[in-house]
Amino acid sequence: MKINAKKINKLAIGTIWALVSVVVLILIFLLGYILVTGLSDISWKFLTSTSSSISAGGGIRDQLFNSVYLLVLTIIISLPISLGAGIYLAEYAKDNWITTLIKTAIEVLSSLPSIVVGLFGYLILVIKFQLDYSILSGAIALTIFNLPLLTRSVEDSIEEVPKLQREAGLSLGLSKSKTIVGVVLPLAIPGIITGVILSSGRIFGEAAALIYTAGQSAPIVSYTDWNPFSPSSFLNPMRPAETLAVHIWKLNTEGIVPDAHIVSSGASAVLIIVILIFNLSSRFFGNWAYRKMTGTTRKKRG
Amino acid sequence: MNEIKEKLLKPSKETHQDQIGHLISLVCIGFIGILVVAILFFITTKGLATFTTNHVSVIDFFAKSDWSPSQKGPNGKPEVGALAMIVTSFAVTLLSAILATPFAIAMALFMTEIAPKRGQKILQPVIELLVGIPSVVYGFIGLMVLIPMVRTVFGGTGSGILPATIVLFVMVLPTITSMSVDALKAVPRDYRSAALSLGATRWQMMYKVVLRAATPGILTAMIFGMARAFGEALAVQMVIGNAVLMPTSLTSPTATLTSQLTTQMGNTIMGTLPNNALWTLALVLLVMSLVFNVIVKLIGKRSAFKK
Amino acid sequence: MSFGKKGITALILSCGFLALALTACGSSSATKAQNGNKITAVGSTALQPLVEQASREYQVDHPHVNVNVQGGGSGTGLSQIQQGAVNIGNSDVFASEQPGVNAKELVDHKIAVVGIAPVANKRVGVKDLSMKQLEQIFTGKVTNWKQVGGNNVKIVVINRVEGSGTRTTFEQSVLKGQKAVNAQQQDSNGTVQQIVSSTPGAISYLSFPYLNQKTQEISIDHVTPTDQHVENNDWKIWSYEHMYTKGKPVGATKDFINYMLSDKVQKRLVKQIGYIQVQNMKFEKNADGHVQKIK
């Protein structure tokens, strides 16, 4: 009996190892495919010149910036809301039907197809609220399906913080909200940052929701104009903005430039590299924030 | 005297703070609630127009699989039957989730139980990168690599449910994995030490204790993964074949609700039947995911271990 | 502990800022639209690259005008221009061909002519088909390339999305009212090109700019798909690219459409992209597909 259990143990753990390696291999294949086909096309000129609609030799400068800007705006809008919502669900919500309803609502929100979110954003934001095809419309549309992911990760990270920490805060005579913000939240920050990274990856690659909201053209903008209200400024949230993912989509579908395939694979490779850089830096930042807020180094958690 | 009394009777500064904090978080959750209601209302009204304004029979919509809302069918009426798309959507979603879950659980166990340190370090970026690859790129790689492979093995055109399932499997894997990890982490340490001290092997501990305790969490993870598979449009559209036909095999070209929605939406005029019919597809998507949610809630309730 | 207060204030502040930004931006965009210096052109993805490139060059000479070009499909373009939500609606099809569009309100500006040609996988062994054979293939009456003089390969029809300009034109010229066989559909030239080039026995159709070495272009009744043949109507499958305005265009919109029709765009960009200039056409087509010689 005992030997049998040990054998099963070995077999099971071996299977886990095998499955994990398959996933890693899939990723290596995907990355290899994207990078091998794309890396050779990336040059400084490719990154710093504007895209072209007809002739070959277009770059991706504006699309790259638009993607980053849109991501930042989306996080600025969605993080405060999901922080509040996540705190509510983890700390204040009573275990009753209203809470269940809210949780279901959030799950429904996350299961909305992005194309539906895009069309909803198009009819409501672009047409009704006259926000036009703009970065702002895009950011709000992305917020809609970023909220459930982020709220959940906030909620989970907060629930993960040991009860003792809260009791310690409360016994010092702090109010509940002060305990949450001052004691619980800092401990939850690494988890929240992981959530933000995961959702950022999705935002970065999203195309369907943006085609009808942020638009599919990248007007030439000036990077020296820092006035966000000037129509040609790169900071103006009211200008249309084609992101990298939308650009790739456009090139693969109706791309008429002779080098569509090259630009598209180059852009895909850039996208992946940006996500890599973004992950590394935010992980670093997460640890830094943890140290800063708790005065300790981050312990490895189970 | 009065001053002290007042001070004691009045709510303290802390109570105020707490009320403010409570209020803010309530406003946020309220905002999400309103958003969901707005979208539901919006899609429902748009989606029902097919039946109310264009008088398409509800039974035909769900029972027939001839889809050509812009042309007159043999009986002089446009044909609006979505059955083939509904079946295909269900098939790719379920198949990809079933395929992805064992991998996701293996990844999660690896990261939390087998090699927490190394696993976390290596697999966390793996997950994040998989999420980061845009669906267009998944679709394109599917088109370039997967479809020729499927074609050589199974014959036919190579597009259909099988390549869509494989593409979606990779796409939902990160969602299911990262949420399963959260679920496994939420299982108290004591459970593990208790199991091990009773002489259980590591696998017995994982299988009989940790996984059991985390079942509701893993199921939720599956739902979120299915939700992503359900809603994925661009990648699926590139490999599914987009023929509104009832799938006869895993490699026959067919269409999902989302692929139909993406390919047709730009070519229809708002307010006409072809456009309304597409919104009805969106409504179907919504209702189907609601049903999924409810089912999982029921399973979660019956599970023995509750967090 | 000071973090607590700061955190809450930051939260409130950011929410407030957001609301402010929203209203500020909302109002500023409303005023901009009234100024008439902003032109929004939405619709056909086929026309988008041409208009986009032209708008960039236009804005060099007219820095005060802001031209915003978006895709979204012909249906979107026509819906939007009908509602008056945009200045120009780009479309691959005549507005009157689309049910639900009141074509009388719209003014048509024909920007270019685009030819459409059948393409097949390179290994089917067929380079020429008669119009009848083509029709039989797309209605499902002929199912093997052997039947039309090719290799023994099953025909895989890849159709275009219903309602798309390319399909509407193709069916009008080739199928003449018959219903196409229910087959795979793709909505973009790029994907069709990819699928046809890799699927044995595949046949579909592409607009001229997308014809290249990857696929076998098919001549019909020994007429090759070239610009000259389209201009003489020897090649029958062609259509216009339209820009629609609601009523007669005024102000900057009028100026921009004139620019699109000027030699600067027509003689250079239209050609470069692979479209055909409208003024070179010796024949004209109306919405019903009726063709007549231009006197």
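Note that the chains take the letters A, B and C in the order they are written out, and that residue 1 is the start of every chain.
Here is the rule we use: a residue touches a chain if its C-beta (ideal position, glycine included) is under 8 Å from a C-beta of that chain, and two chains touch if they have at least 3 such contacts.
Just so it is clear, the structure is predicted and the values come from calculations on it, not from any experiment.
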Chain pair showing more contacts of the two, B-C and A-B: A-B
Relative to subunit A, chain with the most remote C-alpha centre: C
Between subunit B and subunit C, centroid-to-centroid distance (C-alpha), Å: 33
Distance from subunit B to subunit A - Cα centre to Cα centre, in angstrom: 17
Multi-partner residues of subunit C (each touching 2 or more other chains): 8, 11, 45, 71-72, 76, 83, 187, 191
Residues within subunit A bordering two or more other chains: 80-81, 83-84, 174, 177-178, 181, 252
Two or more partner chains touched - positions in subunit B: 20-21, 24, 262, 265
List of subunit A residues in touch with subunit C within their complex: 52-55, 76-77, 80-81, 83-84, 127, 129-134, 136, 174, 177-178, 181-182, 185-186, 211-212, 215-217, 219-220, 229, 231, 237-238, 240, 250-257, 260, 293
Complex contacts: residues of subunit A adjacent to subunit B: 5-6, 8-9, 12-13, 15-17, 19-20, 22-24, 26-27, 30-31, 33-34, 80-85, 87-89, 91-92, 100, 102, 104-117, 119-120, 123-124, 144, 147-148, 151-153, 156, 159-160, 173-178, 180-181, 194, 197-198, 201-202, 204-208, 244-245, 248-249, 252, 264, 268, 271-272, 275-276, 279, 300-302
Of subunit B, residues touching subunit C in the complex: 20-21, 24, 68, 70-71, 143-144, 147-148, 151, 157-159, 237-238, 241-245, 253, 255, 262-272, 274-275
Touch list for subunit C against partner subunit B, complex: 8, 11-12, 45, 71-76, 78-79, 82-83, 98-101, 156, 161-164, 179, 182-187, 191, 194-195, 198-199, 202
Interfacial residue positions of subunit C with respect to subunit A in the complex: 1, 3-4, 7-8, 11, 14-15, 18, 21-22, 25-26, 28-30, 32-33, 40, 45-46, 48-50, 52-53, 56, 59, 66-72, 76, 83, 85, 187-191, 209-210, 269, 272-274
